[in-house]
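Chain IDs A, B, C, D, E, F, G, H, I and J follow the sequence of writing; residue 1 opens each chain.
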């Protein structure tokens, strides 16, 4: 089990076909929700004032994380920053 | 209720008195654990390879957050990045 | 009640249809003025030499701020920097 | 009359004599409050999580602003960013 | 009277209509020369190797400066950096 | 099994006691060689002209990587950049 | 013999003809595999979450490296960062 | 006589007409070679892995340098960094 | 004759001996005024809110400029940015 | 044979013992001149207004370059930027 912190900044080109855009965003939402339900996409927040999110993924390995991220319908339009996380020594729980 | 994402990078000067250093780090840990137990410091992870953490605070207001952060014993030695969070439209829960 | 400092930098693509552009800018102005009249968009200045503004928002929560910002007609063409503000200890008024 | 937006980031060296530090911070506060009372230092906020402030100055000229800023007791320990402001065309008042 | 230092970097899109481009550049030149003759655009240099200039403006106020800058025909295609200037204490004259 | 790419930039303060420095560098070398022999520190190169290295670690998990990195005797004097790696689709082997 | 560390970030324009894109990516893969088989392109990893790779080239000279890199079918769409490597003094082998 | 160090990074838009591109690159080469033969463009190297060059110009004045640079056929598609050079005090010759 | 634009940012270490500091600043002022009187240091402004200046030097060559700059008593404590200037094509005079 | 472009920025701590400083700078000069005479340190210029140099090294390999650079007496006080060079296709000679 491995935890990764991912920031995604979305930049969809303004001249992308509106239907392609709507369909891509819809597929992104469905895929994200499927991963949330399975527990893989553990946390998902919107950053205030940005078309960006902060996410925590709970995966078997970095390889699994990459497969998930590059399969995101919005992947070609996103800048991603990925950081591996580990337990903090001041953490109170187990 | 408000959620804030905070990244803290710790830079303790190498010529700080070792006893002052140890005592400050100990107070930081105790204070952090008290806030975790009360539910205010909701998440706390270490970034792999860094003397840094990623935290989520759950506070009444930004004013409360500032009071907490500036009271951290390591505050004078940390660079902080604070971002307000909000619910993501693709979030499955609630 | 929460105060946020927002800098908005406007970058409208030069090949956007001139009518769409004019209509979007007009809607932005109307929406901004409505929020100013209600007291939510508390301060609004132009930065000299830039197609940018400095704003102060007075909102119930960060969630409300995000709803306001993403509803701005120019939102897709703006880079935003959001900072939470709190009372300064040297402030003279109550 | 001219409005300037100033961000001040305070970096007091950790090995500064504690008495000098306390006395300097006290003089900074007194000076700031005198300027607030005269209406020159029109706005003053603390940025959440930072030893930094956002200020608006209302001065006769940029020359007056510089005299005020360089006379700040903490001036040698602060990084400043100064921007001239002007009326925004969407502003509802005046 | 106020002095401002402005750096302008010109980035005209390569697919702009050549006639629009030529006409815009010609209007920019005429407007600049009119402001130079009136004494408002006090200094104007080309930076070697760049499609950029360094200028000094001598204006009544920052408001007047903004009106001048945003009326520049090339304004939509320029990045500007504006700094307020004041008398240097080592200056020999006046 | 997980592969991580780590860049380490060493910045030892020039006023560090020379004996402490020499002893720290010697312990770093011994620890590094032990990890190389066990196969954990899989690759290690010096960047030409820099007091920096590029390393590849082959670990069970990001948690193990963090334990290794923070135990490095030079850890307090290094800036680290950590990136998770995965198999490239054009890779010929395996 | 010389070792070089290369990071390649791929940015294919979204409006590139899909057939040209597919054909270019296919040629890139074939060329890369040929160089891997000859031992020149010694290491090749995907960075997790990025359309980027980390590579190590083993060449006769920097001149040979440049000929290889500029012949990559994706060269016009990649940002490259090249660093010369040398033996690390703590290296256990050879 | 004056020496200048210039780095040129070439970014030709991918949708530029191929014939215009080829003709521009050919004119650039001819112009560069003429200046090399006259001794003005004293040094010219390709940076490994980049569509960039490092050049040394030997000119009468900065004014002459600017005339040369802005007359380069690829000037509209290049980012330039210009630095004035002078004799180094450790130089052995002259 | 050559014109250079120089920005100087002064960073005097806070632990420098106060007498050394005062004497260095006094020598800097005397030297600067001598160069202003000879016409070499043609323009000198303070940037509002900064311990920085914007200067224009009128020298025979870049070599002369370097000799002047490195002889400044504050040279060891300043960051400098130097840009060669040339006549702007829209300039009305000469 | 391999050519490398190196920029060295010198930052000697202001509290370094003056004798150590003078002796280090003298050794640097002697070493540099020995390498210039052997043809290895092929070019060496001072950047105007900076305590920095631009150098070209002509070495057998990147390994030889690293040995030379790390043996520089000022190496601990310098930031270096190293770039491999290759023949430019527009070069007239050879």
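Rule of thumb we're sticking to: a residue touches a chain if its C-beta (ideal position, glycine included) is under 8 Å from a C-beta of that chain, and two chains touch if they have at least 3 such contacts.
Model, not experiment: these values are computed from the prediction.
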Original post:
For subunit C and subunit J, what is the smallest step count along a path of chains that touch one another?
Top reply: 3
Original post:
Matching H-I on over half of contact pairs, by residue number: which of A-F, G-H or A-C?
Top reply: A-F
Original post:
Quick check: more C-beta contact pairs in G-H or A-F?
Top reply: A-F
Subject >> Rounded Å distance between subunit I and subunit J, as computed from the means of their C-alpha atoms >> reply: 27
Original post:
How far is the middle of subunit E from the middle of subunit I, if each middle is the mean of its Cα atoms, in Å?
Top reply: 23
**OP:** Go ahead and note the Å separation of the Cα centroids belonging to subunit C and subunit G.
**Re:** 44
**OP:** Quick one: which residues in subunit D touch 2 or more of the other chains?
**Re:** 3-4, 15, 46, 48-49, 62, 65-66, 82-87
Subject >> Listing of all chain pairs that touch each other, if any do >> reply: A-B, A-C, A-F, A-G, B-C, B-D, B-F, C-D, C-E, D-E, D-I, E-H, E-I, F-G, F-J, G-H, G-J, H-I, H-J, I-J
**OP:** Over in the complex, which subunit I residues touch subunit J? Could you list them?
**Re:** 4, 6, 13, 15-16, 62, 65-66, 69-70, 76-77, 80-82
Original post:
So in the complex, which bits of subunit A are touching subunit B?
Top reply: 3, 5, 28-29, 32-33, 36-37, 43-49, 53-54, 83-93
**OP:** Name, in rising order, each residue of subunit F that touches subunit A in their complex.
**Re:** 1-4, 61-63, 65-66, 82-87
**OP:** Within their complex, state which residues of subunit J touch subunit I.
**Re:** 14-15, 46, 48-51
